[in-house]
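Just below is one structure, and these are the notes that go with it.
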Amino acid sequence: MEVYIQQMVNGLDKGSAYALIALGLTLIFGTLGVVNFAHGALFMIGAFCAVTLSRILTFSHEVVDETRTDFLGNPLKVDVPYIYDIFGEATGSVIIDWAVPLSILFAIPVMIAIGVIMERGLIRHFYKRAHADQILVTFGLAIVLQEIIKYFYGANPIQTPMPDAFEGVFDIGAIIGFGTGEILYPYWRLIYFGFAMVIVAAVFAFLQFTTFGMVVRAGMADRETVGLLGIDIDKRFTLMFGIAAAVAGLAGVMYAPIVSPNYHMGMDFLVLSFVVVVVGGMGSLPGAVLAGFLLGILESLASLQEVVALVPGINQVIIYLVAIIILLTRPRGLMGRKGVMED
Amino acid sequence: MGILEVSGVNKRFGGLQALGDVNLDIVENTIHAIIGPNGAGKSTLLNCLIGKLDPDTGSVMFDGKPVLGLAPHQINQMGISRVFQTPEIFAELTVLENVVIPCFAKRDGPFRMHAYESVFHENELMDKAESILRDLNMHMKKEMHAGALSRGDKRRLEMAMCLVQEPKLLLLDEPTAGMARADTNNTIDLLKEIKEKRDITMVVIEHDMHVVFSLAEKISVLAQGSIIAEGLPQDIKGNPKVQEAYLGGAQL
Amino acid sequence: MLGLNKKDFLLLLIVTMLTMLAPFVLNPFPEGSALAQFNAGYPDLMQRFVIFGIFAIGFNILFGLTGYLSFGHAAFLGVGSYAAIWMMKLLTMNVIPAIIVAVVVAGLFSVVVGFISLRRSGIYFSILTLAFAMMSYQLAYSVLTPITGGETGLQPKVNDPRLLDSALVDGATPTANLFGLSMRSSYELEIGSWLFTFNAGYYVAAVVMLLSFYLAIRIFRSPFGMMLRAVKSNQNRMKYTGLNPKPYTLAAFVISGMYAGLAGGLMVAMDSQVGPERMFWTASGEVVLMTILGGVGTLIGPVLGAGAIKYMENIISKINTEILHSWFSFLPDGLEDLIVNLTYPFIGKGWHLTLGIVFMLVVIFLPGGLVEGAQRIAGLIRRKDKSGGMPPASAKAEPAE
């Protein structure tokens, strides 16, 4: 029993990432009708926002430390981050330690800006073109974005540590009545899960309770009619694209300590996130979130020793298999509306 | 015995009775119009005839063979062609290709792996396609892309695509919808001409009374999913039930 | 001629001439000259031109004619490669059985994948094919290691059974051959400071490519090809015309899968190795790029696109800063450095960036690819000749060029 629960919680963090990326994909597809193959790249850029901020924060100048000497007896030169000069060493080191969470503040405006530029500069010219064209141009964009990142940050994964306070593991087992140490879950992953839930809740609340969200929801249901009402739907949709980009970016920022960011992480997640969207139901936001977690957990459960022994390799292909079965038996997905993109 | 027999067809959508016990008997070599106010179930009926919808109960026999449950391409292969409200053509293909495709369908059936010889070596079919284009005054446009045709010509082309198959039954779904009066009259003339030239049965769904009374040899009136009257045009004109259904009593 | 009309025959003739004379055509610059790095006439690259040409020609039969965008065709190429290498391990190093079996196995696999994927259309079809390809890749990488060699892939080994071949001489390595003619054997011709290489493998692949190209022309011009274009244009009309689009689309899918398998088999025939990365979805994306870049739905487009991308990959990725400096050395120093620095991200390892940008530009501004570009330029020239007197010639009249 413990093993299964352990495996289920292990699936949560990946599931959270799937859910957040799929949420953005669905927002974009639902509002703009665009299939965005560059969405994974936005997730990747988010992760690199974290890398960038930690680099900025640790930006240093050389100072001669008179109190210490190197092995030749000369005074030791040490790198001191500028941030120490501004806030003092104590505060400065805390800020550096908290670089990843701080990156959230940094990433939100950056990602919204990237999203808006993308929509204004490129995507909007493709609303009326075939889905195949949209796939192709965003696929091209994804290549460009990841190559730019590769140019500036190199091809190797970059370790991006979490704050020291979140090192270590959380003993879930002890809390829910199993033995201590039976079910363990790293603190950071727990935080990631909570963070994802907050973002999901925020997006839903935003769509539910603001006028802006109401218009967007109405637009998702029937774009032409809303346009006829004299509401400038295009402007709102542009911002919606920005928000979707921010959601993907934030998912990436907080994921950086879990998997060291590399330039192709976006592509890796993109394929799976598309599968998630399809399973959840094209155009259904709750479906995307639900399917994200479900598939994350399912993937994790399929890696159980017993399961793999029974069906070798199932852990590698379970998500694709589920997607194929869903598409063939229930093309609108788990929670998709009838008639929306069913063929 | 008609060529197309519809008996006891019922179709419900949720709580709505779209078709209630519809019986129809289409006689060979007539133009039979089905008319009725909006929402009377005309399109539903048509969709049941061509395999797009399956009725809940009832049967549809064509030429003595059941039609229900067959796929659209199978129904076409039995000899039923259909003209749509908005012309359905192969917009990216040339006019000639548009017409030659139905010829292949008629000769080779729903699928044939015919991948080595050139289309242009099929002289017999090409001649057939060209002659129907001549018949319909479209021959000079045969190299044009079908999508570039005017609306009237698209309709004409679609008609050509159906006729070249020499169907036993031609279904027309509001063939003059959205047309200007002049175009409408052209279409009426075209249909009459076709009827004169060959043996063909036509079922026309229409709510333009001008079209109906210029064309139809027999009329069935559909209202709220049921046939409320059936007969020759002059009988229908004077039928009080029809006037009630259409205009709430005013004269047609 | 050969059952083709004059225009198609001319096209085939030109392509034949170019492929046969490729060792000359692609090596216009003398050895050791500054421009020698633009030469593409070496066997390895020429082989890739024609092999990816085959892959793209086949892909175009599906995507160009029916409009179904598959994102999983690399899987068929990979399966073909694995099948071919097993033939080399079990049967013989002769490439003929390897290539034939590659086509057959890829064809069978594409029947299965196509049958399931084609129950949906549009993006769902794209995602289904993507899912199948990723599954194949993951399986080849992990569980199927006994068959695929996992991460390291497969090569013919000295002690493989090879039932039809006589035992190797001690110390000899198994080499792919065509009835004894090694695929690696080359004849070098030196004329002045030019060096031309005629490689057996290249000519085998080129002949196969020409046959594939010829077949593709026949398919394009056949009733079957016309039906495939009808699938793309209006499936609804097709059904009400008495045609069943499903088997047509499936047939196109399987044909393109077999072309991919053929390309995979030829790859093995050339370099006698295979690894799972051949099936990764970016490899599927690459063939999409080739087809679009060249001109989707046109006959010559995919071949051009395959050539252009493989050329860029090889040539641009070889350019480095030193070469750039030598090119721009005529400029004043500051300007030279500036230009070199600006160009640097797009060359060498950055060639993917160039590729992505070119690809986006093509999709945005030139959806018909290089072929449409050529037509537009030709149209412009024609218009200039007539000094604006005539309206522009109907440039779009015959897209299948």
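The letters A, B and C name the chains in turn, as written, and every chain counts its residues from 1.
Keep this in mind: a contact is a pair of C-beta atoms (placed from the backbone, for glycine too) under 8 Å apart; a residue touches a chain by one contact, two chains touch by 3 or more.
Everything numeric in this text was worked out from a predicted model, so none of it was measured.
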**Request:** With chain C gone and nothing shifted, sort the other chains into their touching clusters.
**Result:** A | B
**Request:** Starting from the Cα centroid of chain B, hunt down the chain whose centroid lies farthest away.
**Result:** A
**Message:** For chain A versus chain B, what separation do you get between their C-alpha means, in angstrom?
**Reply:** 53
**Asked** How far is the middle of chain B from the middle of chain C, if each middle is the mean of its Cα atoms, in Å?
**Response** 46
**Asked** If you average the Cα atoms of chain A and of chain C to get two centres, how far apart are those centres in Å?
**Response** 35
**Prompt:** Okay, in this complex, where on chain C does chain B touch?
**Reply:** 3-5, 218-219, 221-227, 229-230, 232-234, 236-244, 247-248, 251, 396-397
**chain C-touching residues of chain B, taken from the complex the two chains share** = 50, 71-73, 76-77, 81-82, 84, 88-93, 97, 100-102, 104-106, 108-120, 122, 143, 145, 161, 165
**Message:** Quick check on the complex: what are the chain C residues that touch chain A?
**Reply:** 67, 69, 71, 116, 119-124, 126-128, 130-132, 134-135, 138-139, 141-144, 281-282, 285, 288, 292, 345, 349-350, 352-353, 355-357, 359-360, 363-364, 367
**Prompt:** Okay, in this complex, where on chain A does chain C touch?
**Reply:** 35, 122, 125, 131-133, 135-137, 139-144, 147-148, 150-151, 267, 271, 274-275, 278, 312-313, 316-317, 320-321, 323-324, 327-328, 331, 341, 343
